[in-house]
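In the two complexes below, subunit A is the common chain; its partner is subunit B in one and subunit C in the other.
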Partner chain A sequence: MTRIEFWTLTRRLASYAVLSAVTFIVCFPLVWALSTSLKPKSEIFATPPTLIPHAATTENYKALLTGRPQYFQSGGQQVTSGTTPAQFFTRWFVNSVIVTLGSTLISITISTLAAYSLTRFRYWGRTVVPYFSLLGYMVPSIIFVFPLFLVMVQLNLTDSLLSLVLGYVCITLPFCMWLMWAFMRSIPIEIEEAALIDGASRLQVFRQVVLPTALPGIIAAAIFSMIVSWNDYLFGRVFLNSLDNLTLTVGVMLFFEGTHVDWGLLMAASVLMTVPMAILFMALQRHLVAGFGAGAVKG
Partner chain B sequence: MDVKLEGINKSFGQVQVLKDINLVFPSRKFITLLGPSGCGKTTLLRMIAGLEPVTSGGIRFGERVVNELAPRDRNIAMVFQSYALYPQMTVRRNLGYGLRVRKTPKAEMDAAVERVAAILEISHLLDRKPAQLSGGQRQRVALGRAMVRQPDIFLMDEPLSNLDAKLRVTMRAELRRFHLDLGATTIYVTHDQLEAMTMSDMIAVMHGGIVQQFGTPAEVYGQPANLFVAGFIGSPPMNLLAGELRGDDKPTFASPGLTVQLPNLVAHPPSRDVMLGIRPQDLDLVGDHEPADLRGRVWVVELLGSEKLVEVEYAERKRVTVQVRAETSVNVDDTVGVRLNARRAHVFDIKSGATLRS
Partner chain C sequence: MRAGFTLSDRAVGLLFIAPFLAAAIFFMVYPVVEAIRMAFYSYNPLRPDLSTFVGLRNFEFIFADPLFWDSFWQATVWTLLSIVFQTVFGVAIALLLHQALPGIALFRGLLLFPYIVPTVVIALIWRWIFNPEIGVVNYALQSASLIKEPIYWLSTPSMAMASTILLNVWKYTPFVVICVLARLQTVPLELYDAAKVDGAGVVRRFLDVTLPQLKEVLIVVIVFRTIWTFNKFEEIYLLTKGGPGTSTFNLAVYSFEQSIANLRLGVGAATGVVMMVMLSIGSIIYLRVSGFGQDEKSP
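Entry: the complex of A and B
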């Protein structure tokens, strides 16, 4: 083995070692959650711990998805008369989907139109707005929570999904707008002019030429917005209070209340919460990279 | 369809970029707007396209004033410098877009796309996206998109400037050929005087927002209207020598190191500061002992292939470029004489820049 070959091999081994370590650190909690969620109660605290359950069971998932309360009667904490948090799981799931899609739809619509206007029309302040909006994104959202809550009280919207939709729009819009602005800027205006000459109206130009070209940017902004809304705990915790209206993040925290924590159930809930985002990510990650890279490199 | 520009002015805020443009582009001709960058040629083209509003003046297509018409109502087509292909559409959809938004029946549209693709030899590319094409292929698609609708007027904004030198020469000839076949009025913007000379029926030379001269390539080359045109048109550029005009009956140009009678010029007030313009092709190199109009030392020699450019320094910091055949034996620091074909000389007033003609 020559010197050069030795070093090439060493370098390759070292990079694989680092990559494996990182992958392990990132994936282990997920794998552990999946493993725990499939274990019967008796095995969760078994020593030594098992990674692959000896007697795998889907009971936890069944309980969450069908909301069978009797399963919990033995150990699960009862929150209000005769109900357990797990009963509401599907309800919360639907709530989370509603607020995530709702806020993302609004954010994307506004930010796309705003970015188009900011990059295509000349008016006072159009150059500073994107930077201010980015600045807005840098302010921690906890600062907005209570003022926004008071606004929701005024609007009589507290404890409604709409309040959460509006709240999420407030925290996702600035970054979405900045992202779309960077993306729109990279779309050459000539292709719009070419379409105008080809015979398209302004609206046709926007629909048939601008939007399809901006799609990677739109997808990137949408993924960002969905992740923020789906994972948020703070706004949901402050804005909502009735069990029916909770979102997944807030609801699943109720599993902790009381003296007994059903870890199997909790882990199953975590896995189910992760699945939609994971699928979304895998389906769209190609566009995500294109979207985030758009501002930097002119096509 | 002819295009008339009547007293066109254009300002961006306080800056006036086009000043009183009056031109008539005859129908079916290939017209070039030629000038250095920033001269307003692209702005003028965009105004003809309807992409830029006119500050004052009128644009007519035929008899119709089109100032207020949207681009899509002008029946024009435009080829952009960057090609401006729709990135998410295939070549087929790019070509057909203009027909599709005009609600052309599908069969007719397909036929038109196939026909244009065949002419431009891009039929095999129809199902590709622009990103998968080379520069030359994109150029053809852009051209095809313009041709497919059979517009009255073709507008082209430096369409060849992104191509490599060899392809540019080929495309120049092809564009000229397409123009003859299509029979639409073509307005072509370029800063490359060679493109303008080789392709155009008429050239409008522009500088500083003003049309300096409008004429055939032979006219702008042979009878430049002013100093700017004289210096801009022609490669290698015309020699411009500052001096004085003397004598009433037999006008004579006089400057340190060069005195020459100008047979073409008659009856001009004497003692006038002028610029003598003479193209390198109209100068001859002669031996040191032969009669010559000016004498000097060879400063540098450039071989172009079939010709040589010889720069001769005839006075302190004063040089002329002489074009000679490549076989001519001449070396740096040779002492040489230069003979001037006075009949081909141009004389310009230094103050106004305008040509002095007989």
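Entry: the complex of A and C
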């Protein structure tokens, strides 16, 4: 082994050691949540606490997915006696899925069409719109959540999933717009021109040439939009109130309203709420840098 | 050209932008204008018919309210500390990940993961692992003899502030990592080779080569993160509800509490307007830095 090889090896080992330590610290809360969710009640409070459960169980997950009442009674808002938040878990999950997919579909459709228009046609104000859109997504939700709620009151949409779909369009559209615009303008216009000369109509060109080329941008925007909608709490909290209509984020916070907090159940709920985002994240990895490079950032 | 209806280019262009303009006016412009209007009204959501124009009274109220100023300063401290830690950790982790090592993709995936975890989930996990009696963090610190008495992470003012900062840093450091990583990948390797030939060590190469290259992206990231962090709501509300007492209130929580708990929507809106003014200042800085209107071609 030469000196250079020795130093390369040492540096690599040091890098792995530091990376592993940092990754352990960053991932520990999630690992601990997973561990707690798999523990029976007796083991959750055991001292010393165990990282890998001795008697792993899926009872917490079963309770959530089958809606079996737990041993505690919750005294939260509109929880009638005999019902617990856990019974609504699957319902809330479905609500979250509906709202997330609905708002993402609308945001993506609107922003893709608009981005195409802004980058391919010439009219007054076309360069200003994306920047205003960018400013739009810097405005914090807390500012327009109440005015938007009053709009929903006027439209008679309060406490409905539709109101939430529209609310999420409001928070995701600006950055979908910005991303699609940045993406569209990077697509060379020559292919479209060739197709137009060959006799295709504008709409045919849009469907058969532009959409397939813009697909990576559309996917990135869709993933960001889904993450924002799925993770939101504020809009759900303000717009919804009947137990049946809640989304996961708002519903699961009700688990705290009882006198006794069932940590195993809460951590199982946390894991189940994170799984769809984890799946998306794996899909996102490839598009992450491209998307962020185009300025599709929201935090 | 195939038979059927054909649209002129101009019509297609306008047709495609129309849904966006409609959504933007309905969901973005209107709520913001309405929020500004509400700031000048005394508005009770239960009796909208009784809302009256009060001029600057809402602003006089908040500027005379000690809690508003407490919220302002707490938000400032919260933001500054969060940004410092996020930036330092973010750059450090990005440098660690910017190495050609086998398996680096796995580390990158794990270290970026917190960014997509729902805030509700993080808040729940935080409440569990930082629980003073049964939480694993206190257990670990006590068994390592680092502390004698349990730390009350969420129920003493300074520790609650520290816990919310920790949550914020944990969730949003990946954002800095992604942006810095994307930039690092475009730094020309020749710069490092030249520095090596000149005999620059690791530290010198970081200070003289890497850091100047990162300057621009870091300014943008810091401006964005400062704006967003200052206006965060869920990261604080879900973990501490602004407590204990009002020790972790920021302006978003103040606005929310005025609107929801006190039903003073006008006061909440006035707070929002103050937040928007500060946001505009930040945005102007961003537009200056990003060179808006100077270079049309690069996004």
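One rule holds for everything that comes next: the second predicted complex is superposed on the first by the 260 of 299 C-alpha atoms of A that agree within 3 Å, B and C clash if a C-alpha of one lies under 4 Å from a C-alpha of the other, contacts with A are read in each partner's own complex, and residues count from 1 in each chain.
Convention: contacts are C-beta pairs under 8 Å (C-beta built on N, C-alpha and C of every residue); 3 or more make two chains touch, one makes a residue touch a chain.
In this text the structure is predicted, and so the values were computed from the model without any measurement.
The superposed arrangement places subunit B and subunit C next to each other on subunit A without a clash. Looking at the superposed arrangement, the partner reaching more residues of subunit A, out of subunit B and subunit C, is C.
Once chain A of one complex is fitted onto chain A of the other, the partner contacts of A:215 are limited to subunit B, with no touch recorded for subunit C. By the touch criterion defined above, A:166 reaches subunit C but does not reach subunit B.
Of the two partner chains placed around the shared chain by superposition, subunit B and subunit C are both touched by A:201.
In the superposition on chain A, contact of A:191 is made with subunit B only, not with subunit C. In the superposition on chain A, contact of A:133 is made with subunit C only, not with subunit B. Residue contacts after overlaying the shared chain place A:105 against neither subunit B nor subunit C.
Superposition on the common chain A brings subunit B within a closest Cα-Cα distance of 6 Å of subunit C.
Once the two complexes are overlaid on chain A, the subunit A residues touched by subunit B in the first and by subunit C in the second are 199, 201, 299.
On the subunit A side of its complex with subunit B, the touching residues are 188, 190-191, 193-201, 204, 208-209, 212-213, 215, 299.
Contact residues of subunit C toward subunit A in the complex are 1-2, 6-7, 9-10, 12-17, 19-21, 23-24, 26-28, 30-32, 34-35, 38, 45, 48, 93, 96-97, 99, 101, 105, 107, 109-122, 124-126, 128-129, 134, 136, 139, 143, 170, 172, 175, 178-179, 181-182, 185, 224-225, 227-228, 231-234, 238, 252, 255-256, 259-260, 265, 268-269, 272, 275-276, 279, 282-283, 287, 292, 296, 299. Of all residues in subunit A, those touching subunit C in their complex are 12, 15-16, 18-19, 22-23, 26-27, 29-30, 32-33, 36, 45, 47-49, 109-111, 113-114, 116-118, 120-121, 123, 127, 129, 131, 133, 135-136, 138-144, 146-148, 150-151, 166, 169-170, 173-174, 177, 181-182, 185-186, 199, 201-203, 206, 227, 230-231, 233-234, 238, 248-249, 252-253, 263, 266-267, 269-270, 273-274, 277-278, 280-282, 284-285, 288-289, 292-295, 297, 299. The touching residues of subunit B, when paired with subunit A in their complex, are 49-51, 70-72, 76-78, 80-82, 84-89, 97-98, 101-102, 145, 149.
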